[in-house]
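Each chain carries a letter (A, B, C and D) given by its place in the written order, and its residues are counted from 1.
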Amino acid sequence: MKDVQGQIDNRGIDIHNVGVKDFHLPLLIQTREGGFQPVMANVSLSVSLPMHFKGTHMSRFVEALLPWSSKPISNTELKSLLIDTCERLEADSAEVTMAFKYFIEKTAPVSLKASFMDYDCIFKARREKERHSFILGVEVPVTSCCPCSKEISDYGAHNQRTLIKVKVRFHGGFLWIEDLVDRIEKQGSCQLYPLLKREDEKFVTERAYENPKFVEDILRDTVIALRKEPLISWFDIECESIESIHNHSAFARHTETKEQMTY
Amino acid sequence: MKDVQGQIDNRGIDIHNVGVKDFHLPLLIQTREGGFQPVMANVSLSVSLPMHFKGTHMSRFVEALLPWSSKPISNTELKSLLIDTCERLEADSAEVTMAFKYFIEKTAPVSLKASFMDYDCIFKARREKERHSFILGVEVPVTSCCPCSKEISDYGAHNQRTLIKVKVRFHGGFLWIEDLVDRIEKQGSCQLYPLLKREDEKFVTERAYENPKFVEDILRDTVIALRKEPLISWFDIECESIESIHNHSAFARHTETKEQMTY
Amino acid sequence: MKDVQGQIDNRGIDIHNVGVKDFHLPLLIQTREGGFQPVMANVSLSVSLPMHFKGTHMSRFVEALLPWSSKPISNTELKSLLIDTCERLEADSAEVTMAFKYFIEKTAPVSLKASFMDYDCIFKARREKERHSFILGVEVPVTSCCPCSKEISDYGAHNQRTLIKVKVRFHGGFLWIEDLVDRIEKQGSCQLYPLLKREDEKFVTERAYENPKFVEDILRDTVIALRKEPLISWFDIECESIESIHNHSAFARHTETKEQMTY
Amino acid sequence: MKDVQGQIDNRGIDIHNVGVKDFHLPLLIQTREGGFQPVMANVSLSVSLPMHFKGTHMSRFVEALLPWSSKPISNTELKSLLIDTCERLEADSAEVTMAFKYFIEKTAPVSLKASFMDYDCIFKARREKERHSFILGVEVPVTSCCPCSKEISDYGAHNQRTLIKVKVRFHGGFLWIEDLVDRIEKQGSCQLYPLLKREDEKFVTERAYENPKFVEDILRDTVIALRKEPLISWFDIECESIESIHNHSAFARHTETKEQMTY
């Protein structure tokens, strides 16, 4: 049968990304403890397409992805996936994004009851002419208690769920999801827990009230925490508070490239 | 050209609903004050299809809807739309759902500054063999402050945005969106406002703390408010609290058909 | 500490459902082949609340759910979960909904290449005064090719992805997800496959063109397929075509309770 | 009352963006014909925050936005909004994003019947130390018919809805939404229409079959169309095909900064 995709194209346009997206796949994510966690991932995988090809071969992206549903994945394995994809598609560069919910055990602060909390995570890796880059994204929900509301009110203070959305690029190593979440989770007025007994609820209520923070405070404290990590060379942070006194959100955002090229 | 849809079908199956959905249209919603508000609606319109027809004529639904983008709509006009749709499609019954954001002016409690707040609303109307029914749905966000958290903590109390999602069926009349929102909005620990100056923020913080309510309390108080409305013959209420101390929601739901058939 | 939830309530309102929702949990779903598949579920779990209690104890829902992240689940296990939930909460009735993506192996029609396809599934179970009911929901995407477009055009025919959304209630047994998907998947103009090589693409293109179906045809053929299953006592079907020639969908919907109370 | 936000902050971190998001507001968008169209917008508005301020004053963003619900908006008016926002917040830079559905009249190709089609649009404007930039984003749905499927099959060809998502930055002027949509809409295998009678359906079916295009072809033809517009200095295009033979999408993406600084 005719290879329509392989025909010559005369428009003279190299395309940055061609591939599949919104492709769902079960994956095994390597854990900090040395095992792996089964996740349900929404994946996009693409390559660059030189100007002389009319089209890419979409089925090959699926063939490149399928084997990874049974092999634990981390930063290193994504490099293999991208090298394999470049070979299958005869491409110079390739890019993959995997979005999934990841569960981490949480222990309630007083009762010490264990439960699992879900975090939205992203792995984004790119191979560009033999150079590899990797971005880890995590979304960490916390409680924020408003300092202004506490200060001006005779009692109480409005508080709400705040999402700390962080993306980091590494340099000479990487952090586990568990480690990155751990750095970020401390920056709210208080952490969230799936399971809280009454003594825990007293603790988190008082903790948040004692530790009021604007969305700007949470952002700045997260900036400070990420600046301290030598393995992180770039980060992007957005804090969004689902305001309990409004029908809209308050947010703060910050991006930074660290001057650590001397490492 | 051949009318494939009009061909005879032998499977002997009447279909309850056939039509279009996820159809977007600008509409004009009649306001309580006598004017109208332009909204952007997501519409579904369908008819029943007798067993002898192979298919319906999808373009006629669009033709039935288009004129309503320039004529103010309320309960009464939906009847005309459904009668017209039944005629165009030679059908016994028809059903329409219109989902849209509707804005209502809110005045801040102390500064008295005015702003507009958005409410997700639904109009759902049905014509069944010449009988008409109408359901109005509104989603009213409020603040909820937790009574348990307040009681057991030395200071503070967790609070969050809670959505009160109400659907009501009328009987012998109807309530304006503004009226229904007004009945519901009072049932939280405090109302939300798009615009709050510092003196207002003090007010809403203290108000919520003085008036703590579980999601069950908000539900029950809304039930009581709706039972009092003689024009309402059926209602369905779901209250969902976007918990500020968890990464999940707490909810309560209740449906009731009133025994007021004697009205 | 004071049990605020356990206090007496004087409003005289029994609440139908009180519980948690949008709670994420890794689960193990039993497969037809006798094993289990790890999934990521969005769960809601609730009980009825008698009028004399002010509130429920939300942490107990989480405690009831947690053990199930490591025990394979099917219809039978959901009964245990609901009995346990009723006991923990001292309630008469309980209800659980679990929504998750489930993967089934698909073999390409000509090349016979294997891959996994994802289906959105729902388990919904209810215990009401010792009686149990169970609903299985699956969403099966297929290709639909328009009979009218084929008939009136000199060549070609518009086609698109169509979602067949089915919910079934069982009676005296149950079907595996794999079995239900299998019954439904045959009702489109052609099945979908994650991986298709060129010879497969020729097959599915020609197959859909030879087998044109309106959204009404797909609905009726699915009705016939489900009527034939003696274990199904009730079903609800919605077919939605993401039209390739419009920016909206065409849809058809049908619900049926079977007269098989004599079984 | 104490101005907590105005307090001195010692962390030494300038924040790039602080403000409100997911704020809904009715707006009036200027049309090419000289009038305006009421839309429902989801808005985010933010400013940069110098390191010495602890927090911003969130209510001022709402005060800056409210007047614009009754004044027609285009590129020029967004400059006024940003200047006003910088003044109210004593900030150097400000940024606004407005996302809304916009309707454009479409005439069916043969019957010439008129209807309105909805397009997801974005206005994104930024003021940075007195310099202004403006990005217009539109999402144009079209039909794509697969050239490979047509070539290898004896009859038929799979086709589907494809979204052409374009963002453009201007330089020395701007294009109306209507003009940009017009340039893009021609690049699919065929345009979409809300209302098509039988003779129109024959036309669009045959037109798409005669004009098969890969997602890569649609991308490249859109690149060529945008390169020709002298007022556009930068663009980003993503074409996503909601494949009718798969349960995932195929996509292509391309970004280009034009060397036209000499204009």
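Just so it is clear, a residue touches a chain if its C-beta (ideal position, glycine included) is under 8 Å from a C-beta of that chain, and two chains touch if they have at least 3 such contacts.
From a predicted model like this one, the values you see are computed outputs, not experimental measurements.
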Reference chain A; chain at largest CA-centroid distance: B
Higher-contact pair (C-beta pairs counted), A-C versus C-D: C-D
Intercentroid distance (Cα basis), chain D paired with chain A, Å: 26
For chain C paired with chain D, centre-to-centre distance based on mean C-alpha positions, whole Å: 35
Inter-chain centre distance, chain A versus chain C - centres from mean C-alpha coordinates, in Å: 29
Multi-partner residues of chain C (at least 2 other chains): 1, 23-24, 118, 148, 152, 194, 196, 198, 202, 247-248
Chain D partner contacts - residues on chain C that touch it in the complex: 117-118, 141, 143, 145-146, 148-149, 152-161, 190, 192-194, 196, 198, 201-202, 204-206, 208-209, 242-248
Residues on chain C engaged by chain A in the complex (per definition of touch): 1, 3, 23-26, 37-40, 59, 62-63, 66, 69, 100-101, 103, 113, 115-116, 118, 194-199, 202
Of all residues in chain B, those that touch chain C in their complex: 1-2, 4-5, 9, 11, 13, 15-24, 44, 46, 49, 54-56, 58, 147-148, 151-152, 214-217, 219-221, 223-224, 240, 247-255
